[in-house]
Amino acid sequence: MIKVGVIGATGYAGEELVRILARHPQVELVALTSQSYAGKPMAEVYPSLTGYVNLNCEDQDVSGVVGRSEVVMVALPHGHSAPVAREVAARGKKMVDLGADFRFDLADTYQKWYSHEHEAADLLAQAVYGLPELHRRRIREAWLVANPGCYPTGAILALAPALAEGIIDPASIIIDAKSGVSGAGRGLALGSLYAEVNESVHPYSVGRHRHTPEIEQELTRLAGRDVVVSFTPHLMPMTRGILSTVYATLTVPLSPEQVREAYRRFYRDEDFVRLLPEGQWPHTKWVYGSNHCHLNLTVDGRTGRLVVVSAIDNLVKGAAGQAVQNMNLLFGLPENLGLDYPGLCP
Amino acid sequence: MIKVGVIGATGYAGEELVRILARHPQVELVALTSQSYAGKPMAEVYPSLTGYVNLNCEDQDVSGVVGRSEVVMVALPHGHSAPVAREVAARGKKMVDLGADFRFDLADTYQKWYSHEHEAADLLAQAVYGLPELHRRRIREAWLVANPGCYPTGAILALAPALAEGIIDPASIIIDAKSGVSGAGRGLALGSLYAEVNESVHPYSVGRHRHTPEIEQELTRLAGRDVVVSFTPHLMPMTRGILSTVYATLTVPLSPEQVREAYRRFYRDEDFVRLLPEGQWPHTKWVYGSNHCHLNLTVDGRTGRLVVVSAIDNLVKGAAGQAVQNMNLLFGLPENLGLDYPGLCP
Amino acid sequence: MIKVGVIGATGYAGEELVRILARHPQVELVALTSQSYAGKPMAEVYPSLTGYVNLNCEDQDVSGVVGRSEVVMVALPHGHSAPVAREVAARGKKMVDLGADFRFDLADTYQKWYSHEHEAADLLAQAVYGLPELHRRRIREAWLVANPGCYPTGAILALAPALAEGIIDPASIIIDAKSGVSGAGRGLALGSLYAEVNESVHPYSVGRHRHTPEIEQELTRLAGRDVVVSFTPHLMPMTRGILSTVYATLTVPLSPEQVREAYRRFYRDEDFVRLLPEGQWPHTKWVYGSNHCHLNLTVDGRTGRLVVVSAIDNLVKGAAGQAVQNMNLLFGLPENLGLDYPGLCP
Amino acid sequence: MIKVGVIGATGYAGEELVRILARHPQVELVALTSQSYAGKPMAEVYPSLTGYVNLNCEDQDVSGVVGRSEVVMVALPHGHSAPVAREVAARGKKMVDLGADFRFDLADTYQKWYSHEHEAADLLAQAVYGLPELHRRRIREAWLVANPGCYPTGAILALAPALAEGIIDPASIIIDAKSGVSGAGRGLALGSLYAEVNESVHPYSVGRHRHTPEIEQELTRLAGRDVVVSFTPHLMPMTRGILSTVYATLTVPLSPEQVREAYRRFYRDEDFVRLLPEGQWPHTKWVYGSNHCHLNLTVDGRTGRLVVVSAIDNLVKGAAGQAVQNMNLLFGLPENLGLDYPGLCP
């Protein structure tokens, strides 16, 4: 049994980690930290966990938690992971960080988009961007995994095969993403109130969302040349799910079936990425509560554009599920251990 | 591995059965029938099942399906289970019926409330009402289990300890229940359309819902005398979940803690029924997707009434999950096999 | 044109007042106060009002606002209305208070349920409980109207005819109410977050909600004897609407039609209260955005109970709309001026 | 008073017409037709209208209805308007058609996208495309107005100023639209069920939705050259509202403020189109139930793209409200008569 500590256990991503880890056959939860609920039983903060988690939330004593754990899963706001990573490094443990601190190759990118000095820039070279479908081998050998953002997960999986095959113009990419409100976390914000979200959809951070550079870094890697994208996130009246609708101009005329074949090939061995049958467009509900990414695509002959659509659960494949997938890789376990179940539908 | 056939697999209860059984460690799904989708892959009808279920839906050839199965799970509208039961009886197989046909001790009760001649009244005496928390022993020895209705499950679990202890007046019971719309099934009905359900709550079948006699039968058993209840179901703008708010007059003055103690005792050994800490009222979301029933209660000193509230997921503990719980009992398996996970929250 | 000031204009009830008053043919809005948004254009706080309201929010300078207004509408949390009422009294203006401060005949009741010393108990005798269907004449002659709470409006309208006619046992009343989350206001509370409310229903303040004594005061008046009720509010996954399901034992056997006739008679001349055709149960969506209360009822012969169901929009008939109805009465205007439109459906 | 007949009154667009017309100060409703509910009081089909509409639904006797009306508003599925138009023409009455039959300059376009022979191609030249912000003068003089589709209304209003000013490349336009489910109508369809729509978002008809040619026709008119667009509609878990997120490449570098100025100028005199303050992106809830279109935009300097977002209520500005706006123009009434109220928010 792997001893796992969760730092930041009572936000939505943290709770989802706990929910998954509590049923993981190779995991023993040894610590759950929470600034807001220290001292309180986790099962009182989230009564859904009654009978599954007997731990109390505890203070964020990083040293103590790292000491007791073989791996720590960190679900803190960005800017708080550096001291944890240093402690983990010092003690030779492992870490999956669900925050943004270690996602970038360059500290500059982080500092520009997050307006925040990076406090562990020296560790960036040791961190691996934790999208297993792209970086599986490097993750297996790492000690520090930077779990991708929710939007980047959906967007990159939608575009990877097309960029890897060179069939789209990297300058033409537009990503229109629609997210459930749990992505905004459990913090008390006017924009997260039921009466503000219900019966409403709206864009936000248009052209300047912090997930943009993360998407561009990975797409650049895939394309082998600089990629700049238009990325527009929207808030939806739903709790979970991200749908990414991606537009790009084909570099050569291809039939939908030719492009489908490229996608099929690229994701051939992937458990968690599924190209749906022709004509069946992804619905976020179909991956609700699961670690799967559903994809479909078409070529619009009138405009010469490829349209790809991906659906994920932002809290699972977009956060906690993918983190456990990475943890499995870190420990040489089957990648889908504890994650192998379908979406909850209806 | 137990060979299981699901008859009526593409309604919401049927699909939920398939979702649970597909991950059950002791089950092999051998047949899924569907009138609407015969010939179509189940995973195209419910793309959430992609990668988990490879069967095609097939015609309702009862004889064939029973032949191939050790147990059939039947999720048909009421009035259609009699021929299946006869076939199962003839071949010495087992059956869990999610419909209403075998829930009543007396064919008369069925016929009065369902306005339908019972076609297998002779089998009623062999059927066991499948609420494991009340009838576990008899279920273990049965071949035919009548899975309870969704509303009765929530209502009976809320009232059983109080009636068994004789602390409430059986003539005073009022059950005000609130259900998600998946309870109405996947049929095309005006009242199930999103634009009709959203931002709306309304009662229906006030004083004459078909689950009433089922509730009364079991409460009568518990009370040892005739119980007649006021039962009002309401449709809620949500997909899953039933909350039952139950009112009854105490026969003797008791403190909330005394009543809590009676409930604690009654459900002491139950995995799936949980009395929440004092002051924490059940939320349907906390049992979303799980087989648990959450309970809490208070005594209103001003009125002398006990108020008990129960929450279940109507498709799991209220239908498919409880059916699998019953199947586990039929085959001597651990009762929570394949069902042992918490609610999906948020 | 009546000069109207709104004190507390940026909560949900306040905004709804502004929305209605902005289109009222006899009203000139002269002041909108807001603690949170002072200095900001109201139309930026609520962009829905763009083009309809040009005022900026201003500080809560009670004296100044009362000075400029003929009537002030007060939408503050309880405990803040006393100084406004004194100012209004001193200057001979009028006031409709949407808070609880002036709803009770006895300061003791207020103090007991709100745990708060009443700071203007001497004015209670001059305040009229603003349910026009019961107290129209007194409202017309008053200067201070205490607008009813949202739950009491729905519950009292459901019960008034039955109690006035003496056909139900006042000791048997149970009120099970279901409210949209806008009733909890625009404050930042965990329980009002979308991801907490969505797909969930739960009771709260069982047996001790502050609207209980208000309901009992008015029912007692109608019954001519002390009435104590069981009242259970529930939070629903919807923005607007309250459905009240009310149970009471008939004192004499009556047919549903006899009771319907009593209700029809009682509300004969009421514009805003409508008994729906037999068998058509109220849906909250049908009164969405309107000042109407829809009612229906049945007699359950098996239990001897009357079941009445009422639906209102908690922000309109349950708050701002009723306040404008009261304002119309205060100024001798047609009672439905500015309020005469149907629900927004679907 | 203008005598108005509504043909197809019980679908969602039809009901919305009735709701608006019932309160229109210059309208007398003389006939409501419905295939499904002929003979039934309209207020029983839509109880929200209780007290506002006393008419019964009647059979679709076109000749009779046209005879009694000065103008007919037609809310039928496409392909059914031709005989109505002929009758209206023959009798010299007026008509606003909410369907697609008369929206195209060329019968060929209609026939290609709707796979349906046009039965009144000779009348196309007399029909005016009823987007008042573009064609006000011609509408005033017409007898036959083709009310725009819901998606085209949002998309065209978002793009008109940019195309009229020539500041975007017409070949670069991508329209990503998100619609509430009421746009799919009141028909019984699996995809409109609450349990299918809730917690889900998905695209449909990607690259081949029938509103595409309508958008292209009007954009072509504005650009003065052929425009072909990528248009992707998405179904959202909400009842009302369309948000259109539009992407296009600027032909010359412009600051956001310069583009804002162009939009401000273009819509200077428009009551129903509002450019929100900088940084405040449209929310569909802000126009809920109103005839307004909210707009905002930005220029993404990194990609050289203009991003414009529009929000409308699909049933009001996207259907019934715009139809009444057109009717007002046909009769020389103030354009906003009966439509001059803000969105219902929250």
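Letters are used for the chains, namely A, B, C and D, taken in the order the chains are written, and counting of residues starts over at 1 for each.
The working rule: a contact is a pair of C-beta atoms (placed from the backbone, for glycine too) under 8 Å apart; a residue touches a chain by one contact, two chains touch by 3 or more.
Please read these numbers as outputs of a predicted model, since none were measured by experiment.
Asker: Using the stated contact rule, I'd like to know whether B-D or C-D comes out ahead in C-beta pair count.
Answerer: C-D
Asker: Pick the pair from A-D, A-C or A-B whose contact list overlaps the B-C contact list by over half.
Answerer: Duplicate interface of B-C: A-D.
Asker: Report the inter-centroid distance (CA atoms only) between chain B and chain D in whole Å.
Answerer: Once rounded, the distance between the two centres reads 45 Å.
Asker: Taking the mean of the C-alpha atoms as each chain's centre, how many Å separate chain A from chain D?
Answerer: Going by mean C-alpha positions, chain A sits 38 Å from chain D.
Asker: Averaging over Cα atoms per chain, report the distance between chain C and chain D in Å.
Answerer: Inter-chain centre distance comes to 36 Å.
Asker: Using the touch definition from the top, which residues of chain D touch two or more other chains?
Answerer: As it turns out, chain D has residues touching two or more other chains at 12, 180, 182, 186, 195-196, 198-199, 237-240, 283, 285-286, 288, 346.
Asker: Provide the residue numbers of chain C that touch chain D in the complex, in ascending order.
Answerer: Of all residues in chain C, those touching chain D are 12, 15, 19, 22-23, 44, 46-52, 182, 186, 198-199, 239-240, 271, 274, 276-277, 280, 283, 285-290, 292, 294, 315, 340-346.
Asker: In the complex of these two chains, what residues of chain B are touching chain D?
Answerer: 12, 180-182, 186, 188-190, 192-199, 237-239
Asker: State the interface residues of chain B toward chain C in the complex, per the touch definition above.
Answerer: The contact residues of chain B facing chain C are 174, 176, 178, 180, 195-196, 198-204, 206-207, 228-230, 232, 234, 236-241, 243, 245, 247, 281-286, 288, 298, 300, 302-303, 305, 307, 309, 311, 346.
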